[in-house]
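These notes open a run of structures that come right after.
Next, two complexes with chain A in common: one pairs it with chain B, the other with chain C.
Moving on, here comes the complex of A and B:
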């Protein structure tokens, strides 16, 4: 408690060092990619809640190559006509996956029993240029989509070109303006619903907090703030507003990273409370518990699972 | 190929349609070829992506055995 009133002498020394730390504008750090502007906030607020039973088994064959087997059983939501009722159909599937991780090439593929393939590729074409591709392919016609991203990493900026099927073209650019502030913009054009959009994002971060905001011409305004309380705890809050449809959602979330477990949860202004617990039972064995309670729609989702390897 | 039969169904209108599209037939051909190749690429990726990862992985260092690929342990 003696820290509350530090002696005046140290206060002067602190102010002096802050003034000496002049910002070197030619040496700014590289900003986070435009898609990850809200990364820290979404770690607590968009945790992967699931419903039903989940079992993931991951087997490594060598340092770079591993296979994964995954079984999921549970009710899956089906889109229904009226927004008040949710229709759920119990479904069980098995998913086989193969991963290859190399410093220069990353390949991840997951295929389900009904033939759906989820493929991801990340290749370092050169020191600064990265190609990323993401595809969800199904047997049904017109239901597959794929996206190719070309990322260029400059000294203190990043630029990305995105090409997708159904004539989707997008570009994003983000630049570090000060050591803590980065600003970015994006523009995209979608061929199938013929519309184009423009967006801006800003991100301010320090060691203890991250604040970010994003505005898009689709009407979405997203603002979030994450504060790291200690090594183990961080709290996040999020505000999403759509100025065309006048939808507002505010949420508050937490993320506790403890020695043997990690628990993340959030409370929403839509009346949704959710939490996800990942507990490490022993080396390589993780136990998952997920709960999502939607009081407004009366939709209760609980799930448990085990991850091996 | 699935795209081609659709032109034959348009019975009587086919004559007039052929004359109007002859000036843009190159563009139509290019579009048709790219659609055909994208469809084939999609089928090839759907069947071949996971085998490709397995082949690339089995040839990486240190080389794993085939037995390790198939056994559940």
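Moving on, here comes the complex of A and C:
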């Protein structure tokens, strides 16, 4: 229980020394990538809850190369006509994957029993330019898509160009304005539904907290705040508002990182409460428990899994 | 009610039912009956909504808080063992990595 109380004394000393330093505007730190502006909040609020049984086994053949096998059995939701009833169909599949990790090149590939192939590539073309590609191929016609990203990391800014099939073009830019505040914007144009969009994001972080906000022309406004209470505990809250469809969702969550386990829990304003527990049973063996209760729709999802390696 | 029956036994049979019917049809009795019915309805609804709230609070507590308490207990036990080992051996405890 002592972890719940923040170390107040040391925080005050750190704040005083920081205020005394003058802000050096020519030496600002590099901001986080535009996609990861909400990174800390989504670590506790968007945990991967699952339903059913999950088993992941990964084995390293080499220092750089590893294979992974994964089995998933459980019900998956099928979109139904009426919004009240949810149709669940039990599904089981096996996924085989291969990973190659190099300091400059990362390749990940996954194949599933229903014929879907997922491939990811991340290559450091130079010191500051990174190429990322993501492709998903399926047997059904016109359902495969791929996306290429070119990331350029400058001294205190990052720029990204995104090209996808079906004529998708996007660009994002994020810049550090002060040592703690970074602002960014994005623009994209999708060829198939002939839509274009704009978005802005802002992120303010200190040692103890991170606050970020994002507005998009699709009507989504996202604001979140994460407070790090101690080394092991952090609390997060999130507010999503869509000004076209007038949907509002607020959620509060916690993230406890203990020595042998990690617990993430969250409560929603849609009446959904969920929790994910990962416990380390022994070296390389992790036990996962996931629970999600939707009080409004009376939908209960529980899952357990094992991760080896 | 017993006094009324004794009093009614003294009178004729027809007058007895007349008085009882007049009493049971009077304003006060029917109002009292309506209020009693409302009270039963309200208490049933209160019981049901308390039951629903208790269920929601109970299951949410079970999902969010119980695993947390269990894990924090284990962490405290681990810390205690480390502390004991440190005081016993006079050195920081070894992590089993």
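Note that the second predicted complex is superposed on the first by the 289 of 309 C-alpha atoms of A that agree within 3 Å, B and C clash if a C-alpha of one lies under 4 Å from a C-alpha of the other, contacts with A are read in each partner's own complex, and residues count from 1 in each chain.
Criterion: a residue touches a chain if its C-beta (ideal position, glycine included) is under 8 Å from a C-beta of that chain, and two chains touch if they have at least 3 such contacts.
Just so it is clear, the structure is predicted and the values come from calculations on it, not from any experiment.
S.K.: Should A:243 be classified as contacting the first partner (chain B), the second (chain C), both, or neither?
M.R.: Neither chain B nor chain C is touched by A:243.
S.K.: Per the contact definition in the header, classify A:277: touching chain B only (first), chain C only (second), both, or neither.
M.R.: Touch partner of A:277: chain C, not chain B.
S.K.: For A:25 in the superposed arrangement: first (chain B), second (chain C), both or neither?
M.R.: Once the two structures are laid over each other on A, A:25 reaches no partner at all.
S.K.: Tell me which partner A:258 touches in the superposition: chain B (first), chain C (second), both or neither.
M.R.: Only chain C is touched by A:258; chain B is not.
S.K.: Using the superposition on A, tell me which residues of chain A are in contact with chain B and, in the other complex, with chain C.
M.R.: Shared contact residues on chain A: none.
S.K.: Mind listing the chain C positions that touch chain A in their complex?
M.R.: Listed in rising order, the residues are 56, 59-60, 63-64, 67-68, 71-72, 74-75, 78, 96-97.
S.K.: Enumerate the contact residues on chain A facing chain B in the complex.
M.R.: Touch residues, chain A against chain B: 59, 61-65, 67, 96, 98-100, 102, 107-109, 111, 115, 117, 119, 135, 137, 139, 144, 165.
S.K.: Per the contact definition, I'd like the list of chain B residues that touch chain A in the complex.
M.R.: Touch list, chain B to chain A: 38, 42, 45-46, 49-50, 52-54, 56-58, 60-64, 68-69, 72-73.
S.K.: In the complex of these two chains, what residues of chain A are touching chain C?
M.R.: Those residues of chain A that touch chain C are 1, 3, 254, 256, 258-261, 263, 265, 267, 273-275, 277, 279, 283, 289, 291, 293, 295.
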